[in-house]
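Each of the next two complexes has subunit A plus one more chain, namely subunit B in the first and subunit C in the second.
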Partner chain A sequence: MKITVCIGSSCHIKGSRLVVEQLQYLIAENKLGDEIELGGTFCMGKCQQGVCVMVDDQLFSVSPETVREFFEKNVKPKFA
Partner chain B sequence: MNELCCEIGYKSIRHVGEQLCGDHVDVVEQEDGSAVIVLADGLGSGVKASILSTLTGKIVSTMLAAGLSLEECVETIAATLPVCSVRNLAYSTFTILHIIQNRTAEIIQYDNPPVIVLRDQVNWEYPRQEMTIGGKLVYRSVIRLQENDVLIAMSDGCPHAGIGFSNSFGWKQEEITSFMEAMNYCGYSAKLLSSLLVDECDKLYGGRPGDDATACVVRMRRRVPMNILFGPPRNRDDVKRMMSLFFAKEGKHIVCGGTTSALAAKWLKKPLKTSLEFVGDMPPIARLEGVDLVTEGVFTVNRVVEYAKDFIGDNARYDEWSRQKDAASLISQLLFEEATDISFYVGRAINPAHQNPDLPITFSIKMNLVQNLSDALQKMGKRVKVSYF
Partner chain C sequence: MQKFDTKVQYLKYQVLREVARHAWDDTLMESVLDIPKTIAPGPAPTMRCCVYKERAILAERMKLAMGGGSSDNIIQVIDIACDDCPAVGYEVTSSCRGCLAHRCESACKRGAISFDHHHEAHIDKAKCVECGMCAKVCPYSAIVNRKRPCQAACKIKAISIKEDNCAQIDDEACIQCGACVYQCPFGAITDRSYLINVIDMLKRSCDNSRYKVYALVAPAIGSQMAYAKLGQVIAGIKKLGFHTVVEAALGADMVAQTESRELVEKGFLTSSCCPAFVRYVKTAFPALTAHISHNQSPMATLAKYIKGRDKDAKIVFIGPCTAKKAEAQLADVKPYVDAVITFEELQALFDSRDIELNALEEDVLDNASYFGRIFARSGGLSDAVVEALKEEHMDGFSVKACVCDGIEECRAALLRKSKEALDANFIEGMACVSGCIGGAGNLTHGEKNKAAVDRYGREAMEKTIADAVSVLR
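This part shows the complex of A and B:
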């Protein structure tokens, strides 16, 4: 699985850095480092929905407060 | 284009308690790339000294740049300077560095500490000719310039640094020379070399300078062109034109902006690899084969502008940007220290994603950034060209 976080200008203001750090933590905590490739990208053109996070081909809107919820709901079940 | 260019930097500190500096540096650049640099030190300190040195500096630089002879300049100064009522004397010492087409330097010295010339990193005792002009003893030298030559002119506040405080006999010329030899060895810019010298004087004076002290450094270096792409063009059809012009240019290439870097990647047909390493509070950089540095746009450039303004002002944030590895620091290092000729390729597209009222990014801010940055770079003595698309 590939998770891509937008680190463009707009998502940067909305806290993409915190999202990236929490995802890195969650991936390590769940020992999914070998399964998930975490990457960054510049602007995806969906700034209104930032912070934009792509899980494979699906777009999610995540904020630093909802990272854990997003991870539990959309990422973890796929490895259960 | 001549391959060499001169980088000029200077800094002054004031006599303790004075609001004006009695030393004055005047730089006149001519169209053919020649430059006349005058460092004048007015008698005494404060307002009177400031008037004397400013007049001297302006008169000499303007007249020499207009092609008049040295004799005429000196006579004009002698006839023009107001006479000090206390000392019954009109007096300002001066050093002239006339860099002719970046090939030859004419050094004219009147009563200031001798100009230090560092060649191949070591002090060079260049030939000097004694002349008497209007009853004043003036030294004149004409030297052929080489790459990495460094010329250091200073006012007597430098060798007098610390008299009666830390150094009972001041800071000896030989000691200044060896200090500068060591600093120059590190490859620092002219601006930084002058700051280092004057800051050291300030230290020797214990932070309370007993005289105005000024250092002016001219460093001969090879031209280094640098190109920056910032923003997509207003008209989509111009992408090809913009990219081909940008990538055809000699020198390093910097791409700023998310959409812009995607366009560059498409043009180069190479993948854009964004890293996730956050350094400081700047967005991460990306890698793209064929481009030397890829960064995010407005935030990064905004920080670069802050660093640029500080660099030409107090230079208090040098330690931040000169060592860090974040995007803004990397751009600053390339632009402020490495580059001599900078070409901006600025796209005027309005990013629809930025039209969100929650975001502090507007089109006018983006254009102001470019304007502010190019102004600051020009003040650093760089040649700047801005093209809009």
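This part shows the complex of A and C:
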């Protein structure tokens, strides 16, 4: 699985650094380091929906407060 | 608020704007011969002896604006625009009052000063070594140095005078800093432009659907286009058709981190951010080449990162620097940077599309830390290296930075280093005085620009280098 977090200016201001950090932590915690490729990209063109996170081809709107919820709901079940 | 420092910049801008306007409309080829007439409509001349000479010079400016020119060098002389300024060196003017003190005579170690029957001073050019001591001591400032502004600006002495009296650049020695471009009062020296390549790149991207065009903006932007808000400048760049705008200062954060590690490992380094400085070391002090940091510049480092994630990306660097245009052509940079334009050229681009920055809603720009952003001014790079060492807890290593503000100071430091007489372990080399904010491609150069860059630095959301680069892992 490929997770791409937008690190463009608009998402960065909305907290993409914290989203990246928490995702790194959650991936490690769930021992999914070999399954998930986490990357960044500058701007997905959907600045209003930031922080934009793409899981393979699906776009999600995540904030530093909702990362865990997003991960539990949209990432973890795929490896259950 | 005025957009430029000088009328020469304005003239150059008019040419760039008209070329850009026609390039957008695909009418450049059929309009090439008409553009000089739109800028110099005549019949009376406004700059030169006649309107035909004005137009002939404008045609030469257009060649360079369209990426052409008479050599491969970025910085080129437009021969017919050169006014063949006098270059006689020190001369006594009519302000000499024939005083009794004769300080000039006492100051001259070469005995080059004599006096006529009015007691007025004369300089014997056969004896004069142009030291300037006589001019310094004259209480009436009656002795002046008549030097060509281009030669005075070129501290590395790459400009000479041809037999026909026109200025000539030694392309081998030229470091592409552009100091002469900014200083020539007749606009006879100019930098070649890649503006139409950028327009072509934007058009062919079909609204960033075929590939994405990224603008990397240099941190000196914090001191430019002060007539609008920074957020409006960013909005304007996107309106031109760029996919997004990224701070080159984030590349500077990346460089600060790796360069500090390299410094600890090697014990002595010179910086590698300023392409004019790097070229100067390689051409004038080849023996010191091994000491140049192996890091690529912030521009190349960040461009490489982006292309590593988006292989079809096109990258345009927008900054204050003419030497970056040459850097982008180096074999190890070319794959990552597709074009370089200056802030001057960015202004021409905006106006070619009638984009009024003040009317735009503010967009945002925030990728880098305070330290990445202050790379734009002298001393900032050294501050960032010290900070990076602190953040990485390499406190045992103490940085002794020699901050070189302008190529003359770089030369002095390199000379001392080559004789092992330099009391420093890090040379921050910036070819332009004040750093990048003194670059030839800036629209304005002023006292307030350093404060403006520092302010822009403090506005960065990330306060540490480590935080700024952490998103890149």
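Worth pointing out:
Criterion: the second predicted complex is superposed on the first by the 80 of 80 C-alpha atoms of A that agree within 3 Å, B and C clash if a C-alpha of one lies under 4 Å from a C-alpha of the other, contacts with A are read in each partner's own complex, and residues count from 1 in each chain.
The criterion applied here is as follows: contacts are C-beta pairs under 8 Å (C-beta built on N, C-alpha and C of every residue); 3 or more make two chains touch, one makes a residue touch a chain.
Because the structure is a prediction, the values reported are computed rather than measured.
By the touch criterion defined above, A:Arg17 lies against subunit B and subunit C together after alignment on the C-alpha atoms of chain A.
By the touch criterion stated above, A:Leu32 is placed in contact with neither subunit B nor subunit C. When the shared chain is aligned, subunit B and subunit C each come close enough to touch A:Cys43. Of the two partner chains placed by superposition, A:Met54 touches none, neither subunit B nor subunit C. Touching of subunit A by both subunit B and subunit C, each in its own complex, is seen for residues 5, 7-10, 12-13, 16-17, 20-21, 24, 39-43, 45.
Residue ranges on subunit A touching subunit B, taken from their complex, read 5, 7-10, 12-13, 16-17, 20-21, 24, 38-43, 45-48. By the touch criterion stated above, subunit A contacts subunit C in their complex at residues 5, 7-10, 12-13, 16-17, 20-21, 24, 39-43, 45. Listing the residues of subunit C that touch subunit A in their complex gives 208, 214, 234, 243-247, 306, 309-310, 363-367, 461-462, 467, 470-473.
Residues 257-259, 261-262, 272, 274-276, 278, 281, 283-284, 286, 296-299, 351, 353-354, 356, 359-361 of subunit B touch subunit A in their complex.
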